[in-house]
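Labels run A, B and C following the written order; every chain starts at residue 1.
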Amino acid sequence: MSSLTKPRLWEKFFWPLIAAALLLALWYYSVVWTATKVFPSPLSVEKGIVELFHKHVLWADIADSLRRVAIGFGLAVIVGIPLGLSLGWYPSANQVVNPVIQLIRPISPIAWIPVAIIFFGVGDNAAIFLVFLGSIFPILVACISGVSSVPPIFRSAGRNFGLSTPQLLMRVIFPAALPQILIGARLALGIAWLVVVAGEMIAVDSGLGYLVIDSRNSGKRYDLVVAAMLMIGIIGLALDFCFRRLEKIKSVRWGFRDAS
Amino acid sequence: MRFPRWLRPALFIAALLAIWEIAVDLHPGQILPGPVSVAGGIVDLLQHGLLLKYVVASLFRVTWGFILAAVLAIPIGLALGWYRRGELAFNPLVQIFRPVSPLAWIPIAILWFGVGDLAAIFLIFVGCFFPLLLTAMSAVHNIPAVYINAGRNFGLSPSAFVSRVLYPAVIPQLLVGLRITLGVAWLVVVAAEMISVNSGLGFLIVDARNAGNRYDLVLAGMVIIGVIGLLLDIGMRSLEQIKSFRWRSLES
Amino acid sequence: MSQTQVVVSGTKSAPKLRAEHLGVVYDRDGQSMPVLEDIDLDISDGEFICLVGPSGCGKSTLLNAMAGFLSPTSGSVTIDRETVTGPDPRRILVFQERGVFPWLTVEGNIGFGLSKLPRAERERRIAHYVKTVRLEGFENSYPSDLSGGMKQRLQVARALAVNPDILFLDEPFGALDSITRVIMRGELLRIWQAERRTILFVTHDIDEAVQLADRVVVLSSRPARIKEVLTIDIAHPRNISSPRYLELRDELLKQIGLAYEI
């Protein structure tokens, strides 16, 4: 911002490459200089990634993690949006329910694992339940705040054209709140990704999170640990990126004009 | 007759608790305890002095991890937000690290710090560092250009500019980011304690279940986690209310 | 100080809209603030009425009460002898700005109130009103691609598409630059002459009122009462340098209490 010249296009690739190269060099040399026997160097991590792909383990684990996210997040959207819109529309209902939401929200989904196991046993459904728990709160919050920030003028115009309340909610309030709901959903997706990995480290035996902990436990394969972490980061980034494309759709983009 | 504002939510919570208790009573022999036994569990913990001990342990780790992350991430983030090229360089790296759950760092944390407090603090640090870095960068971007130009117009020296224009301008957004990240820290500490330490509220949950299926203590732990997390959030919100930090919302 | 004028020249005997002893009192923090007091007004079908008055006097409040967005504290509003109790598609309000729905295209906005019509009829009407407000070529554009003037034209098209009896306009050109304002006035008159609806137009711009209205209702400052109702007896198109125009404009300035030398 204070830089005197605007960065040129080539710089958008140049500087990140420099930074990445720096980081890799730092990593490589610290492994060499400390002569550590356990911590992997960038090269062994790269070999680790190839190994995981060849063993077909990686694809299966990625598919498992993504599947749990898809179902848990999807459920959170299906339940959370109508619920959030209703709470936003009826402030008296919100007043009653919100304290419960505020009490439950700070409890990490991971802390729910014992309860989840009681209800769902060890396995997929427990993980999906955790993802659902983690995703639903950002969505609820975004819906409630989205509804209350719909300009009253839209409500008046909707009523003026003779819309009943359900019609008003569907044809005016929901589209008007959609940009904000999308932001909440994107946040929720990021959280879903974090929760699924964490949940897999504790309560299931497949998925990327499980891969991380298993690589360490069965053989101290830290090269595989770091390889798995890298995959987690890249996929999480890809999920976020895809979601951002949604925000570019014209009938939603109007709500993001001020966002940088 | 005007009812106090808290009456209806309180009645709602009471109703939920009643339904829970009834559901549990109707199914004797199943594991999940009702609210009455959970309350008993809380009392139990208090009597044994464990409640205070665990709460302090968890808060201790959160505080250290959070403050370390803030002290590092905020200045670096502000600097990166200011110098475009710096941000261009490091943003992709940050974007790759951010979606990695702090818990995925556990093997590395244990490798570097062994099992114990330091590992947990490291996990919280990781969980807070990247979000705070991004918040600081974004806060700099959102400073209205008019303020920057006014600062330059009045010929401020760089250090005066930072303390008199930059810093006050970013504080409102930083405070919101800090509050949200503190919430994240609280989530991470509980999860981290479930895996890698021997004290704290997260440990309580795991231990209570493993050593005897004391689900009343499990749920008691969850309730306390929720309450403290809420209090932390309320505490940070009151910071945001201080007038000189509030200029943003008052302005628009 | 007259309160109602006898309606002249070839209009129906029963008024289209009648406000009787209309009063609105706001309750703010326990203190009651009267905004409108004892408004009596008769408007005939097809008339173009302007409401003028000092800023903040309650013109918009009066408009909102007549359109049904506000319940009067005393008195009543009747349209076609039916008491107004709420918003209704038969009387559409056009807002000063940000009234169009940003998530719908031009066609989507104009067709907003037409969902009950069969498809062919809906499309026909949308095409007709796109042409009326001269937005051809922009049917699939979003409001974010339109200028301020175009957005206001879109609002008018959306309002007209549902065939309302009365059109309420709340300072619709207030957010536009002065050149666009002049152009828009011409457009509105053209549409009004073609479609002949009853129009109630709030403005704080004296010239605008004299250029557009059949009658101008002058409101006093808060609490607003009708100070005067001026009949503009110049035929359209009005020459804004003609002596009669200037005379009426000066009369209006005087009524509002403004000097005409700066």
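Heads up, the rule we're going with is that a residue touches a chain if its C-beta (ideal position, glycine included) is under 8 Å from a C-beta of that chain, and two chains touch if they have at least 3 such contacts.
Owing to the predicted nature of the structure, the values given are computational and were not obtained by experimental measurement.
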{"item": "Fewest hops from chain B to chain C - one hop per pair of touching chains", "value": "2"}
{"item": "Chain whose Cα centroid lies nearest the overall Cα centroid", "value": "A"}
{"item": "Maximum centroid distance from chain C, chain identifier (CA atoms)", "value": "B"}
{"item": "Most extensive contact between chains (C-beta pair count)", "value": "A-B"}
{"item": "Centre distance in Å when chain B and chain C are each reduced to the mean of their C-alpha atoms", "value": "53"}
{"item": "Chain centre separation in whole Å, for chain B relative to chain A (CA means)", "value": "17"}
{"item": "Centre-of-Cα separation between chain C and chain A, whole angstrom", "value": "49"}
{"item": "Footprint of chain A on chain B - complex, ascending", "value": "5, 8-9, 12-13, 16, 31-32, 81-86, 88-93, 95-108, 111, 138, 140-142, 148, 183, 186-188, 190-191, 194-195, 202, 205-206, 209, 215, 218-219, 221-222, 225-230, 232-233"}
{"item": "Of all residues in chain A, those that touch chain B in their complex", "value": "1-3, 6-7, 11-12, 15-16, 18-20, 23, 38-39, 92, 95-100, 102-115, 118, 190, 193-195, 197-198, 201-202, 209, 212-213, 215-216, 222, 225-226, 228-230, 232-237, 239-240, 260"}
{"item": "Chain A residues within the chain C interface of the complex", "value": "151, 153-154, 156-157, 159-162, 171-172, 175-176, 178, 250-255, 257"}
{"item": "Footprint of chain A on chain C - complex, ascending", "value": "67, 69, 86-89, 92-93, 95, 98-99, 101-104, 112-113, 142-144, 162"}
